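Each of the two complexes below includes chain A, the first together with chain B, the second together with chain C.
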Partner chain A sequence: MPLPADTDATTPKYLRDKYAIVGVGETTYTRGSGRTTRAMGTVAIRNAMQDAGLKPSEVDGMLSYSGNDSTPSTFLAGDLGIRLNFFMDVNGGGSSTEALIGIAIGIMEAGMCRCVAIFRSMNGYSQVRIGGTGARSAAPINGDALHGRVYGWQSAGQMFAPTFMRHMYEYGTKPEQVAMVKVVHSEHASNNPKAFYKKRYTVDDVLNSRMICKPLHLLDCCVETDNATCIIVTSADRARNLRHTPALIRGVVGRCSKPRADMHYQCGPISRVAGYYAKDILWPNAGVGPEDIDAVGAYDAFTFTSMLQLEDYGFCKKGEGGEYVSSGITRLGGKRPQNTSGGHLCEGYTHGMNMVIENVRQLRHDVDDYCPIGPDGKRQHTFDYREGGCRQVRNIEVTANLGWANPLTGSAMVMRRG
Partner chain B sequence: MSIRATYLDMPLSIDDLDGENLEYFRHCAEHDFHLQQCDDCRLLRYPPTTACPWCTCLTSTWTRVEGKGEVYSYEEVRHGIQPAFQARVPYMVLLVELDTQKGKPTEHEALRVIANLTTADGTLAPPDVVRQVGIGSRMRMVFSDVGPGLSLPQWTLDESAAQPARPWRYPQE
Partner chain C sequence: MSDWSKVTRPIPVPNQWTQPFWDAARRSVLELQRCQSCGHFQHPPYATCVQCVSTDLKFEPVGGKGTIYAYTIMYHTGDKRFAPAVPYASIIVELDDAPGALLAGNLLGSPYTDAKVGRRVEVIFEKLNDDITLPQFRLAR
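The block that comes next holds the complex of A and B.
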C-alpha cells in the first residue's frame, strides 16, 4: 500500500528512512546443532555480511542479546576479523530485536560507528532450554522468586497464562479461534524450506494436542530450536551501494512497558499488553497506521501472543482478536498476511529475529520459497500459496514487526521497501 | 537473620540483606498476612518493594491485611516444568484479587496475590478440588509451613463465603 502523507511525529522526521537493514543471515534451524553458540553466531554474521555484500572491514559495530546463554560480541568479531568501534551485549530475549535496531540507529546517529551487526545465537533446545527445564528450574529460590517460582510459576507459558485466561473470560475468546493462529502460521511454514516444522495443522490438531498449561495446548506453544540469526543495519546512503533493495526503517519502539514492571498483574486490565502503550510511539513515529501495513510479524511464542498484540496495536478492536485471526485476513493471499515464514510456532525460535529477517526478504520481493528460479537467477514467484508453493506477498511495500517479551514489555518496528 | 528451608525438594532462602522479604515472611510464619502500607499516601502494596510505587516514599508500616478475595485469573498446569512440580500435576496457580483496596487507586488496580490452590492445611489441592475453582471463586488465605520461620501464603476455597453457582472456567475440561 502506498504511504500516506506525513502525519505528526513525536521524534524528528529526518530519522525516518535514514537507516536500513541491508543484510540478513541465519544458520539452519535444528534441534541439536552440535556446535557452540560462538560457532553458530560466527556463521550467521558471515552469512549476513555476504548477503549484504559487506566486507568485515566495513562492519564496525556489534550488538547482541541473550539470557546468559550466548557468546559475547568480542569473540565473534575476533573470529571474523571485524575491528569494533562499538559493541554491547545485553540481557534479554523477545522484544530485544527491534529495541537493538533502535539502539543501532542511535549510536550511528551519534557518530559512534557506521555499520552494526545485531545477532542472537542460542542452543535453545540442546543447551539452555527456553521453556525453563534443566539448570534454570534447578536454581535456588530467593528474592522475587519467593513470590512466583516457588508456586510452580516459572516458564513463559506459566507466567503469561493469567493474561490469556482473563482475555477469554472478558471477551469470550474461543480456543478454536486462537488455534487459527497456529493453523495459518503452519500454512505459511509449509512454503518455507527453512522451517523446522513444515506440516500444516488444523484447528482440531491444536485442540486435541495435550494440555500443557491451561489455556495452552502443546500446539499453542512455539518450537524450541538451536540457531543463530543476524541482521545488519547501516545508513540508507550506504545501503544504496549494497547488494539488495534496502528495508528502510520508518520507526522503532524498544521495550515499551506497562505500569508496575515489577509485578504487572497489579494493574489492569491484565488482558491488555504492552502494545497498548507502544502503539502511540510506533504509528506517529513511522507516519503510518495499521491500515497501511501489508504484512505483519507478530511475535508468536504462543498463539495468544500474536493475537493480543494485533489487538493492542490496533489491527482490530480490543477483544476482537479471535475473530480477526480466524477471518482469513492473516493468511497469505489475505489482506494482511502475518508471520509468513511460519514464525516461532513453526520456523524456529530466535527470540524475535527471524520475523524481522522474513519481512526484510519480503520487502526485497525475494523470499526463499519453492518457486522456480528463472534464467536470470531470480526466483519467479507464482503467488500460488498452496502447500509447497509460494509465500511472497504481492506488491508488498510496508511491514510491521511486533516484538514481545511478556505481557508487560514489547518492541515494534515499521519498515518500507527502499 | 537469613532463612534457609526446603519446600517440595526446592531450596529456598532469604538473604540477610533482603529486609523486605524477611519482614513479609516473618508475619507469614505466624500465619498472619501483612503488607507494607505507605507512610505517606497510605496505599498498601504487593509484593514487597523498597519504595512506594505510587509516591516513591521510602518508609512504610507493615499492616495486617485480611486474606480474602476472588479469583481474578488462573491457570491449570498439566505439564510440570520444575522437577518438584512434575509429580504434582494438575496444580493451579491463582491470581486472587483481595477485597482490601480493590479498585484503588484507580479502577483497574488491586492487590492481586499469586499462590497455588491448596486444601485448608496448605497442601496442593487434589484434582477434584481443582475442577471446582475458576474466575469468581471466593478464596481465603492459608499457609504452607515450609520450615522454622518460613511459611508460604496459599489460597483455599472459602467455606464460609457464598460461592458463584458456576465460576468461569476454560471451556475445554
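The block that comes next holds the complex of A and C.
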C-alpha cells in the first residue's frame, strides 16, 4: 500500500519517536476482585514503575479514564508516594488509551511534567458492567434519546449490532468468518499465562454459543473482568536510562469521530467506523502504512469491532474484513498477528489498555508466555505457537493499536521498537 | 411472535426540542423536524440544522412508510423490563419521505424473524400512557 501524503492534522513529524512507553503493569484478571479500584490501581501503577525501573519520585504526571467507576489520580498518587505536577481524570471508556497517550505527549511537550502514568482501574465484572444491567438500565431516558432504550436497546453489543448486521447485508460477511476473530485470539490467549480464558475455541464453539443479539453470540463478546492496568510514558531521552527497550511512539490519534457523533448512522453508512477518518491522521503522522505493521491490537469488545476497524484503517479493502480475519494473516506465525495476548475477548476487558501493554512487551521481544527462561534470566522464545507455547512475534519492529469506543469514535497509535 | 404484553417500557421524558414530536405522536401523526432553509429532515430534533446550521426549524408531518435499514434481534436484555419479549426485533427504518432521518422502533405484529434489511414497513402508534405514545412499525400492508 502506498504511503499517504503527510498531513499536519495532529502530531508534527518532529514528535515521532520523541516519547516512549517505558513501563507497563497490571493486576490479575479476575471476576470478583474483592478489591477497590483504588487498591487495584495502586498495584498496577506500582507494577509499571517497577517494570520501568522508576522510583515514585520520578513519576510526576498522572492520567486516568473511567465512567465514574474508578478512583481519582490524586488518591492513587498519594498512596504511592508520588507528588504530581499534572493530573487529569477524564470520562470515557474504550478509545481512551491512545488518546491519553497523546495527551501525555502534549503535556510533557508543554513542559508541564516529565513522566506520566496512565491508568485504568475497573471492577468491570463485579461492579459496573458495560453489558448494561443494573444502574445503566435504571437511569431515566433523556429527551434526545429517542432511538435507544425505549425500543429495548441498552448494552454496547445491542447498540453496535445494527452496524454489524448492515455490514453483513452490504458485503455478505458471514458469522463463521467473523468467528475466526475469537478463534485466533483464543489461540493467542492459550499462550498467555495472564489470560482469564486460556481455552482455545473453534468456529463451531462460537456459532453454537447462545445468541445475545443478532449477529452476536456469547463468544463474539468480550470477557468482562475486574482489573487495573498502567502505562508509563516519558521522553525517549529519559527512556534510554530505564530497564527495557523503549516502545517509541510514532504517531497517535485520539477520539477521532464520525460526523454527528451521537447518531452516527444518520450520517454516512452505518457500517463505516471512525477508523475511516482516523487513518488519515494515523498513517501520515506515523510515517508508515498498514503494510509496514508487524502486529496489531484491534479493539475486540466484539469480534466484529476488530474486523470493522481493520477494514477502515486499510489493512484490507472495505467489505473484505471477513475474508481477512479468516485468512490466517492475523494468527501468530501469520503475516500480521493481532491481539497476541488474547485481547478483550480472552485475556480480559480493560477498555483498551491491555492491547497497548501487549504490543509494548512484543516490541521488547519479551512477552510473558510459556517459553523457558534461560540462564541469563531472559525468556528463550521458541516461536512454537502451539497451545501452551510461545506468543512472541518474531523480529517485530512496528505495531499498531486501533482503539474503539463505539462505531463512531476511535483512537489509534503506532509504536516502534526503540 | 414476541410477547410484548408483559413489557413495561421505560417512559421517555420530552424536552423543549422533542416535545412537538411527542405531541404529534399522541395524535397518531409522525412529525419530524425539518430545516426551513435547506429542507433537511433530522431526528432526533436539535437546536440547529445539522446540515446548514440554520435555526429555522419546524416540525412537518411525514408519511410513515419506509424500509428497514438495519436491525438486530435481542435474545438477552440488559434492561430486564424487556426480558418477557425476547427474542424481539429492534429495527432502524429509513422513511420514504424523510431520507437521512432514520427512525428506530420494534417490529410489531409479526414474528421477529420477519425483520430483514430491505423489508417494507409502516409506522403504527403504541400508547404508553396519557402523555407518551410511541411510534412503532409493522410490515407494510
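Keep this in mind: the second predicted complex is superposed on the first by the 404 of 418 C-alpha atoms of A that agree within 3 Å, B and C clash if a C-alpha of one lies under 4 Å from a C-alpha of the other, contacts with A are read in each partner's own complex, and residues count from 1 in each chain.
Here is the rule we go by: a residue touches a chain if its C-beta (ideal position, glycine included) is under 8 Å from a C-beta of that chain, and two chains touch if they have at least 3 such contacts.
In this text the structure is predicted, and so the values were computed from the model without any measurement.
A.B. asks: Quick one: chain B and chain C on chain A, clash or fit?
C.D. replies: Superposition result for chain B and chain C: clash.
A.B. asks: If you stack the two complexes on chain A, which partner ends up touching A:Thr163: first (chain B), second (chain C), both, or neither?
C.D. replies: Both chain B and chain C are touched by A:Thr163.
A.B. asks: Between chain B (first) and chain C (second), which, if any, makes contact with A:Trp153: first, second, both or neither?
C.D. replies: Both partners, chain B and chain C.
A.B. asks: Go through the superposed model and pick first if A:Ile212 touches only chain B, second if only chain C, both, or neither.
C.D. replies: both
A.B. asks: So, does A:Ile270 touch the first partner chain B, the second partner chain C, both, or neither?
C.D. replies: both
A.B. asks: Looking at A:Asn241 after the superposition, I want to know if it touches chain B, chain C, both of them or none. Which is it: first, second, both, neither?
C.D. replies: neither
A.B. asks: Based on the superposed arrangement, let me know which partner A:Ser57 touches: chain B (first), chain C (second), both, or neither?
C.D. replies: In the superposed model, A:Ser57 contacts neither chain B nor chain C.
A.B. asks: Go through the superposed model and pick first if A:Asn68 touches only chain B, second if only chain C, both, or neither.
C.D. replies: neither
A.B. asks: From the superposed pair, tell me which chain A residues show up as contacts to chain B and also as contacts to chain C.
C.D. replies: In chain A, positions 131-133, 137, 140-144, 146-155, 158, 161-163, 165-166, 169, 210-215, 260, 263, 265-267, 270 sit in both the chain B and chain C interfaces.
A.B. asks: Could you pull out which chain A residues touch chain B in their complex?
C.D. replies: 131-133, 137-138, 140-144, 146-155, 158, 161-163, 165-166, 168-169, 174-175, 207, 210-215, 260, 262-263, 265-270
A.B. asks: So in the complex, which bits of chain A are touching chain C?
C.D. replies: Those residues of chain A that touch chain C are 131-133, 136-137, 140-155, 158, 161-163, 165-166, 169, 210-215, 260, 263, 265-267, 270.
A.B. asks: What does chain C use to touch chain A in their complex?
C.D. replies: Residues 9-18, 21, 42-45, 50, 69-82, 85, 87-88, 90, 92, 100-106, 117-118, 134.
A.B. asks: Where on chain B does chain A make contact in their complex?
C.D. replies: For this pair, the touching residues of chain B are 7, 10-15, 18, 21, 25, 45-47, 49, 53, 72-85, 88, 91, 93, 95, 108-112, 114-116, 135, 152, 168, 170-172.
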